[in-house]
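Both of the next two complexes hold chain A, though its partner changes from chain B to chain C.
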Partner chain A sequence: MKLEKDMISNSQMAFLLGIYIQGAIFCTALVFHITSRSISLISLTSLAVFLTFVFVYIKLMRLFPGHNLMGLNDIVFGAYIGKAVSGLYIFFLVVLTVANLRLLCDYVVGNYMVETPTIAIAIVFLFVVVWAVYAGLEVMARIGMLFFVIVSVFTGVIFLLSLSQIEITNFLPQFDISLIDFVRTNHIITTIFFGESFMFMMFIPCMKQQNRLGRSLLFGLIAGEISLILSSLMITGVLGDMASISNSPLNRVLRQVDLGQVLSRMEFIVTGILTFSVFMRIAVMYYAATIGLGQLLGLKSYKPLVIPIAAVVLGLVVPIFYTPSAQIACGISTWPFFSSFFTFVLPVVTLLVALLRGFFKKREEECG
Partner chain B sequence: MIYVVIAAYLIIAFVGCRPLFKKKWWAEFAAYLTLLTIGFSLLTMQALGIRVPSIGQGIQILMMDVLHIGYH
Partner chain C sequence: MKKAAAVLLCAVIALVAAGCWSSGELNEFAFVVGVAVDQGSAPENILLTVQVAKPSGFKSSINGGGSDEEAYWNISNEGETLFNTVRGFTHESGRKLDFQHNTILIYSRDIAKKGLGDCMDLFIRDHEFRTSTWIAIANERAADVFGVDAGLETLPAVEIDKMMDAQQYNSQSYTIELLDFLKRLKSDTTAPIAPIISIRGEGDDQDIHISGTAVFHKDRFIGELGGMETRGLMWVTGNVKSGIIVVNCPCDQGKAELEIFQAKSTVTPVLKDGDLSFLIEIKEKGNLGSQTCRENLAPTKKLEALSERQNKAIKTEIEAALKKAQELNADIFGFGEAVYRKYPKQWKSMKDQWSEIFPTLDVEIKVQSEVYGTGNITKPVN
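Moving on to the complex of A and B:
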């Protein structure tokens, strides 16, 4: 039984995916620890790799129309194993929500509110997220469109402002990295920036025109990719190798902007981008976790679970990583593998099991 | 801090449970209270200064030391 009753248009879905990927701009610090010159080009190869997995997601959604990720697990794996797989997904979604919330809290505490406890920032932010999740998918999709436009405009503005500071020599030489670092950077971008959008499989059945699914997802991915490339170009062009030692490189770029001694201290724009995009990112993850759990427990509505999940998220936000540097260390060493299991391995296994159990033939017979 | 956490738990539990009791949504009620208890137990442990196991650290140990997977 699908708990989500709201329907959203294809363009709303595309913008929601776009803002979701824009929310990952703040994870760029992770990849700049490995290499600083070729991120923009590597992100293109990562997108190309991810598109093969998008094909898997679309195939699964078309094979079981009207069912979301949790629903198709029950069909493909059966009641018991299906519930166990869904449970794993929900665990991952909750951990992902907590990790992103922690990232935001660390940014605010590290840059602006140094003496404020992390939990205080988390409570305030989570309050707004809970409010959005209560309102439902349709409302989130509507504000997602607005936030996508705001974040895109802001990103364009800071790119223009930082143009005067960009030095071409900072980009050279391109691809001066070892093969293992290239693979590693690709892996991080593919999982953390793009791969974690696998949770949109929870919302795809709520799209009005299912035949245009691929086009909407592609638009969202490309829109997010453009913001990612612009930010990478800014960071590399302005900071060069210095980007690798900065915890919030985008903020540092904006600190360099000083146009005629009038336009200076422009970090507020970065903070705006962060607030809008990470808010949407966390809200989408939180919402997916909530409806997934509601569906797993066979509830009539997801709403009774919204506040209890907030309590669990708040309880985990401080101890998930003892320090911000521990989060970065985990992000560049083990998290891509942990995340790959849920974002790539499980969907591919699901598709293979569906193939072995003859769901493709059944679908073809149904379609005539 | 501990009193604040307990008071918050009681207020949220009471306010949230009322509509569920009225409509006899027992499944919702059970899920609601169980998750809320887990969440507030975590918060209470932190308020009492008890070290809560870190999930991030756990993932790091599982991947690196148990499964030997990860970039070094």
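Moving on to the complex of A and C:
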């Protein structure tokens, strides 16, 4: 039994996925610490790799129509193991929410409000997220469409304004990185930028036209990817190798961009706009965790869980990483492997178990 | 009940969102517009001077009101480390210094010779500083530059900021922002450079003068380029935007001044049979701006003759810059990076020997310039 009753259109789902991917814009520091010249092209190869996993997600959704990720766990693994697997997913979603909230807080504290405690930023931000989650999927999807357009327009404008400072030589030579670094960078982008969108399996049953699922997901991924490519082009083109030592290369680029002597020092406004995408990213994660837990506990509504989960998130947001540098170090080394288990390994295992338990045949028989 | 809760929630958010911890009023800050770093009284000390804008000194443009006091305050502090010295200013200033509006960072030649690395980290690390700030090397004490009358502007630091922008019209100073300086510093082979700022005249007739370029090995000052050599460098890096080239008239009885209005450069490393050489191609387009000779220079043949002379002048400037760079063994042109971009595999074996390869590099220079227009007249007035 899924708790989400709202239905959203395919385009809303696509834009929600698009803004979710855009929300990874503040994670760019992770990959620029490894290499700076080839990020834009590597993000394309990462997208190609991720599309193979999207195939797995779609296959699972089509195998168990009307069931979300938690529902299909119960069917594939049985009541007990299924609930344990769902519990793991919920744990990951909560940790993911905490990590993303912390990243945003560190960005704001590190660059703008240096004397403000991290927890104060987290509380303010979480208020808004909680509000959005209370409003439900349909409202979030509608806001997502609007925010996607705003963030895309601003990303495009900033890209155009930065063109005069972009040096083509900063991109050359392309792919002059070791195979290990290439794989590492791909792994980070595939998991953190794209892979963590696996949680859309919680919402896919709420999409009106299930037969156009693949097209909607592909549109969302490509739309988000375009913003990521533009921002990585800006960072590499303007900062060159300096991007590799910056905690927030995006902010450094925004501080460089002026419109002649008319409009300068506008990074605060642009950051504020880009924060819309991170807000949506965190809200989607939070929402997935909340409805997942509600479903696991057999509640009639997810709403009683919104505040308790907020308390857990707030309790973890400061202690989860000792320092901002520790989060970046974790994001480069440990996190991609931790995340891969939930985003890639578990869904593939689920599909294999479904195959072994004959769900493919059953589905074929049902469909005639 | 729900409405009351919503109002309460909004009030709490508004209270916290105002950023109580990081809030600041304008009259709590002293806005720094220029920073100068000099050698302190002890060898391990630095002397930091900042120019702070003083709003009470600004005169009203409407009724000429305002006081006669200067619109700036130069304040110095000495210390062993940079950040501690910055915070030490609060011993003398009632307002905390704010560096968000800083326009220029000037180092004295003494500090530059010791190495800028020790006095630079803060300007990159701290959130208040911007890497779009200009950087320059002072011939004298850097702090003295902020004491010179500002000319057209109210604040000397703002005057220097405008002068830095204006250098594009002579192309004899390589003005550079902190970010570009850092990119060169971070490069394995490209030498950092910065414009040289000096004071001309004495007493009340002092002026700020920007000309020439300081050359660094890593973060240490090792030599300088004159105005002509600097433009030679700028031809190669593609930074020439405007400027005047003076050549003899074709009859050799006067001078013709040619205004540059378009320039493009291509630098191509050529690796043939293990030998590395460079081909520099310059394309330039200009106008006849002025002449002192009596002959009419408008006919095509005369303009072509001027172009020939201009080609030679540009080539001479590039050769002068190249000679100086090779003497200093400082790759100011970024040749090493160009080799890396074109031959990344071969570069790995060359990188460590670059300091031996660069001084003996064979460089071919091809200049193709065109004197296009003759201004608003077709014949000389005399």
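As a working rule, the second predicted complex is superposed on the first by the 363 of 368 C-alpha atoms of A that agree within 3 Å, B and C clash if a C-alpha of one lies under 4 Å from a C-alpha of the other, contacts with A are read in each partner's own complex, and residues count from 1 in each chain.
Operating definition for what follows: a contact is a pair of C-beta atoms (placed from the backbone, for glycine too) under 8 Å apart; a residue touches a chain by one contact, two chains touch by 3 or more.
Every value quoted in this text rests on a predicted model; they were computed, and no experiment measured them.
Colleague: Touch check for A:Leu51: first (chain B), second (chain C), both, or neither?
Modeller: A:Leu51 sits against neither chain B nor chain C.
Colleague: Using the touch definition from the top, say if A:Ile226 reaches chain B (first), chain C (second), both or neither.
Modeller: It touches nothing on chain B or chain C.
Colleague: Once chain A of both complexes is superposed, is A:Phe338 in touch with chain B (first), chain C (second), both, or neither?
Modeller: The answer is first: A:Phe338 touches chain B but not chain C.
Colleague: Looking at the overlay, what does A:Tyr112 touch: chain B (first), chain C (second), both, or neither?
Modeller: Only chain C is touched by A:Tyr112; chain B is not.
Colleague: With both structures placed on chain A, which of the two partners, chain B or chain C, ends up touching more residues of chain A?
Modeller: B
Colleague: Report for A:Val98: first if it touches chain B alone, second if chain C alone, otherwise both or neither.
Modeller: first
Colleague: Could you tell me if A:Tyr322 is touching chain B, chain C, both of them or neither one (first, second, both, neither)?
Modeller: first
Colleague: Could you pull out which chain B residues touch chain A in their complex?
Modeller: For chain B paired with chain A, touching residues are 9, 12, 16, 20, 25, 27-29, 31-36, 38-43, 46, 51-57, 59-60, 62-64, 69-72.
Colleague: Could you please specify the touching residues of chain C with respect to chain A in the complex?
Modeller: Its residues touching chain A are 9, 12-13, 16-17, 19-22, 100, 127, 130-132, 179, 182-183, 186-187, 334, 337, 340-342, 344.
Colleague: Inside the complex, what are the residues of chain A that reach chain B?
Modeller: 95, 98-99, 119, 180, 184, 293, 297-301, 304-305, 307-316, 318-322, 326-327, 329-330, 332-338
Colleague: Would you mind writing out the residues of chain A in touch with chain C in their complex?
Modeller: Contact set of chain A toward chain C: 110-117, 120, 123-124, 127-128, 169, 172-173, 176, 238-242, 245, 252, 255-256, 258, 265.
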